[in-house]
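So the structure is just underneath, and the comments pick up after that.
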Amino acid sequence: MTTDTAPKPSFWNRLAHPGQFVALTRPLLWPLTIITAALFIAGLWFAFFNSPEDYQMGDTVRIMYIHVPTAWLSQFVYGIMAVSAIGSLVWRHPMADVSMKAAAPLGATFTALALFTGSLWGRPTWGTFWEWDGRMTSTLVLLLIYLGIVALWRAFDDQLRAARVIAVFTLVGAINIPIIKFSVDWWSTLHQPSSVFTMSGPHMPPSILTPLLVMAIAFTMLFLTLHLKAMHTEVARRRLMALQRQAAQTGKTA
Amino acid sequence: MTERQVFGSLALSAHALAVGRGGIALAQGLEFKVQNGKCLLLRGPNGVGKSTLLLTLAGIVEALDGSFKLEGPTSEDGPLLHYCGHRNAIKPRLSVLENLDFWAQLNGPTGAASLEALETVGLDHVAGLDAGYLSAGQGRRLALARLLVSARPLWLLDEPTAALDTEGHDLVTRLIDAHLEAGGLVVAATHDPITPTDPNRVETLVMAGIH
Amino acid sequence: MSAFAAVIARELRLSIRTGGDVLTLVLFFVMIGVVVPFAVGPDRELLSRLAPGVVWIAAFLSMLLGLDRLFRADHEDGTLILLRHADLPFWAVVAAKVMAHWVVSAVPLIVASPLLAVMLALDGSAFWRVVLSLLVGTPALAALGAIGAAVTVSIRRGGLIAPVLILPLAVPVLIFGVGAISTGPGPDLSGSALLFLAAISLITLALSPFAAALAISSGED
Amino acid sequence: MINLGPHAVFIICAYAGVTLAVAALIFWTLFDARRTASKMAALEARGIRRRSAGPAA
Amino acid sequence: MSAFAAVIARELRLSIRTGGDVLTLVLFFVMIGVVVPFAVGPDRELLSRLAPGVVWIAAFLSMLLGLDRLFRADHEDGTLILLRHADLPFWAVVAAKVMAHWVVSAVPLIVASPLLAVMLALDGSAFWRVVLSLLVGTPALAALGAIGAAVTVSIRRGGLIAPVLILPLAVPVLIFGVGAISTGPGPDLSGSALLFLAAISLITLALSPFAAALAISSGED
Amino acid sequence: MTERQVFGSLALSAHALAVGRGGIALAQGLEFKVQNGKCLLLRGPNGVGKSTLLLTLAGIVEALDGSFKLEGPTSEDGPLLHYCGHRNAIKPRLSVLENLDFWAQLNGPTGAASLEALETVGLDHVAGLDAGYLSAGQGRRLALARLLVSARPLWLLDEPTAALDTEGHDLVTRLIDAHLEAGGLVVAATHDPITPTDPNRVETLVMAGIH
């Protein structure tokens, strides 16, 4: 029964100190912003002026350039959260807590956007905004999980304690998401043997693939930029809350 | 009685009062009379019925037998008593000041201003803190501050010094002193030695149980 | 009157402070709508027939789950005793609490109900009937819930006994509520159902503060 | 502007919605950062500093 | 082992003493069976088609209702801290509580499910499948519920947040649970659904005590 | 150390320990060592961090800095400490005896029999009563009885005398005495004068806050 402040590996040590993390990564913000903006400009140009309409889907293929990246991010961000959760539970890395918290609302937004663009795409191609299709439905469930996590963060008042608890829940969710995905697929084939439209695999012409890739990278960079900025804010907010608590307790106002 | 009489003339008297819980008497034949500026201390071992007596006087538990009455008040006076029980009635998610402000509004802000009351009990520096963060003794102090924000003549205090430090014991003594000085009435159950400065003002009722 | 307002303000503030309370409530409400298709299959026609029942059960449950907090927390931390010595009749305190409870637990549902209606494939006019029936019917749920919560608190038994008490009472609300939405085959009875619902709401609202206050103060300590 | 075909509404809606949401996200991130920084500045102006950062003023 | 049994015995005793709990669950469960026919009209064929879904939704919601009591009372009176110093690993204490929770909140439903099946016009063989699927599937709900309750225990006034967290995670249970009852058109897949359900129950039961114990000990102050 | 050594040789020592809540230190640089048969009293004003220190020693709250350790135990010894906090961990709907029996089974019935323990704390006459009916002091006594039914060397007591009458104060002193006599360790936070009979066994740590 010994409690020592465990010595951490030195690389982590530097990143683990929130102040140092901010100092180390602040210079990255502007380059990231510029790269993101450039990628978006390129991607949008490809998307609107330099891509043929798909022989099968018509002009609506352009929705794909925003649908697929947001859909991809909806899963990627959860991955980031799960990895951060491990970091926070196993290594007790303070920045992992911060990363986990900053990612949740971003992930929720991208998931909502994937749903939004998907249903806008569904209307012209399938004739309906919403179909209880496996992929759509499991994305909806993912959104609900994200929103649950956001609500959970808001419900805790002590964010330090919140982090480890939410990490546990995030990991439970991470195990469960593949199960949900599988079960929903099973369910929708069970109920709807005829799928109107099967989402095409990656066999598409390069003229479509290029803008898609560029947009996907652009969105990912956008996420990284926003995530980093939000992490910096979160670090500041924690310091602020500690200061306020301390000020309240000691009664020092001057 | 005193020079600085703030409250109207009042007397709380009990005659052959029997109190108990669930129909079982804990104390019988209680007789006492408390007047303006007087303090009645209830003493006795654990479980003898001190809290029950206070709850009876507060009108929460029904008396089993006998009677007690508060003489003097006119019907327009509104509620005349403050009850301060074992539990502090603090909402953890409201700040200390918000907690107190609520009671000031609900009971009528007829006493000290909230901040002033907090200062008196030594909590002014945590006024903005969530009350859930208060330590046991700080919580007790907040409960005491509630007595100050609305002026009511009769205080029923159940172990007011519980969880308080030495300075807190002094605080309780000071508060009771001031209340008696202003012509208030105090009935307090306690295991700790609370001694209002003027021994003439104090009476002690030792409860012994009826076993 | 300011004491009355103080009680309402406190209740609202407490429920906002709990952070995400409203978000949670709405999420729960919507989730029930999401979960139903998993259970009954994604047949749009079937879903829209079920929708009135689902909406009302979802509203009922969401309000039920928040019921216990109406008096229990105040009972356990000793607030309830002190409220009885307030500068306000106790039934008025209870009435203020019921009102605040309705605002906190029913209004968000009413606002979110269109979302549920879309997911359950309700059409335009039914959509408005959903909002209306919830608006008229939820006060009855809040009022009945207050009685249940008061009785529970006074008999010192926690847990789920409040729902047991009010479930039978609430079934008429549910049935008229559903009736006010679904036109169904045959003559349209939704108008009269709505009137019944309004009557139930008014009666329960008028009685419940007194009943609840009586239940609390006659309960032991 | 190029011709978007018969389903232009959907395409424009999709892009507009995404633009709006992304703009809101960026705005919120920046706003949150500003707000926190200004609160911090206000506290520091009152002379409250971290304990670890040396004796408080 | 006797410490383990002591925890289970205590939980059962507490829930019997509190009375009402079991009754509410059953009442609520049955009430859904009463309200649904009102919503969809008295079409027996339709009802029996809906029945598997309705039974599972009812079970689902009833189990969510009692979730909060799993750890909250123990948290608030200081018991939870002491349970962590018991002569039994904390995860084992949690496992005992989950088992007791299942007995208290799922077994009554299983016993009452024939009633619901009758009200919803299910035929004989489907009837047995209902009991079986509930028997196999509810442990998973209890286990997931324990995680939700553990995650939210240190939030003051948790209320609805645990159900909101758990509902989406429990979607597979619902899907396979319904799948195990309804044969539907086409090949009979209810057997394999039952197997999946059993697998989910086993996995969640095995993991949840650890996850819940971890969540509690990292959240409690 | 003592003749009647029941517990193995143990020492609880803290080195440069900092404790606090929500990442904010309440007390820093704490140094102490408690050995078999010794008692450490924590004193200090309300809100200074006594309860926090006890929770830290109990492993509930994380230490902010420094370290503490319990030397001596082998890994087979099982849980070594009893924590007795502000809250009594009593289930109102179970009888007094059922409450205690549960803890005896859960923590291992290695100490006194439940009824015996109830007798020691003076609750034997209410053994069959629902624990929800206990008075404040009786509830505290029940919490103390829990320490007796399972023998564990280290006791962490947070205001053990809260709500107790004079006889209850003596009881706590007696219990601590007996525990120290048996070679146990006690760390107790208190505002009341608890004085184990042998002054050599007692050390006092006055906490003053770091402001």
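Chains here go by letter, A, B, C, D, E and F, matching the order in which they are written, and residues are numbered from 1 within each.
To be clear about the criterion, a residue touches a chain if its C-beta (ideal position, glycine included) is under 8 Å from a C-beta of that chain, and two chains touch if they have at least 3 such contacts.
Since we're looking at a predicted model, the values are computed, not measured.
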Type of chain C:chain E copy interface by residue overlap (half), same or different: same
Farthest chain (mean CA position) relative to chain B: A
Separation of chain D from chain E, taking each centre as the mean of its C-alpha atoms, in whole Å: 41
Rounded Å distance, chain B centre to chain C centre (Cα mean): 38
Distance between the centres, which are taken as Cα means, of chain E and chain A, whole angstrom: 31
Distance from chain D to chain A - Cα centre to Cα centre, in angstrom: 16
For chain D, residues that touch 2 or more chains besides their own: 51
Set of chain E residues in contact with two or more other chains: 18, 76, 155-157, 161, 164, 167-168, 171, 175, 221
Chain A: positions in contact with at least two other chains: 141, 144, 148, 151-152, 155-158, 161, 187, 191, 242, 245-246, 249-250, 252
Chain B-touching residues of chain F, taken from the complex the two chains share: 21-22, 44-47, 51, 86, 122, 126, 133-138, 140-141, 159, 162-168, 191-192
Residues on chain A engaged by chain D in the complex (per definition of touch): 48-49, 53, 58-60, 62-63, 66-67, 70, 106, 109, 112-113, 116-117, 120-121, 123-124, 222, 226, 229-230, 232-233, 236-237, 239-240, 242-244, 246-247, 252-254
Complex contact set, residues of chain E against chain C: 15, 18-21, 23-25, 27-28, 31-32, 34-36, 38-41, 46, 50, 52-54, 56-57, 60-61, 64-66, 69, 73, 76, 155-157, 159-161, 163-164, 167-168, 171, 174-175, 178
Contact set on chain B toward chain E in their complex: 92-93, 132
Chain F contact footprint on chain A (complex, rising order): 1-5, 158, 160-161, 238, 242, 245-246, 249-250, 252
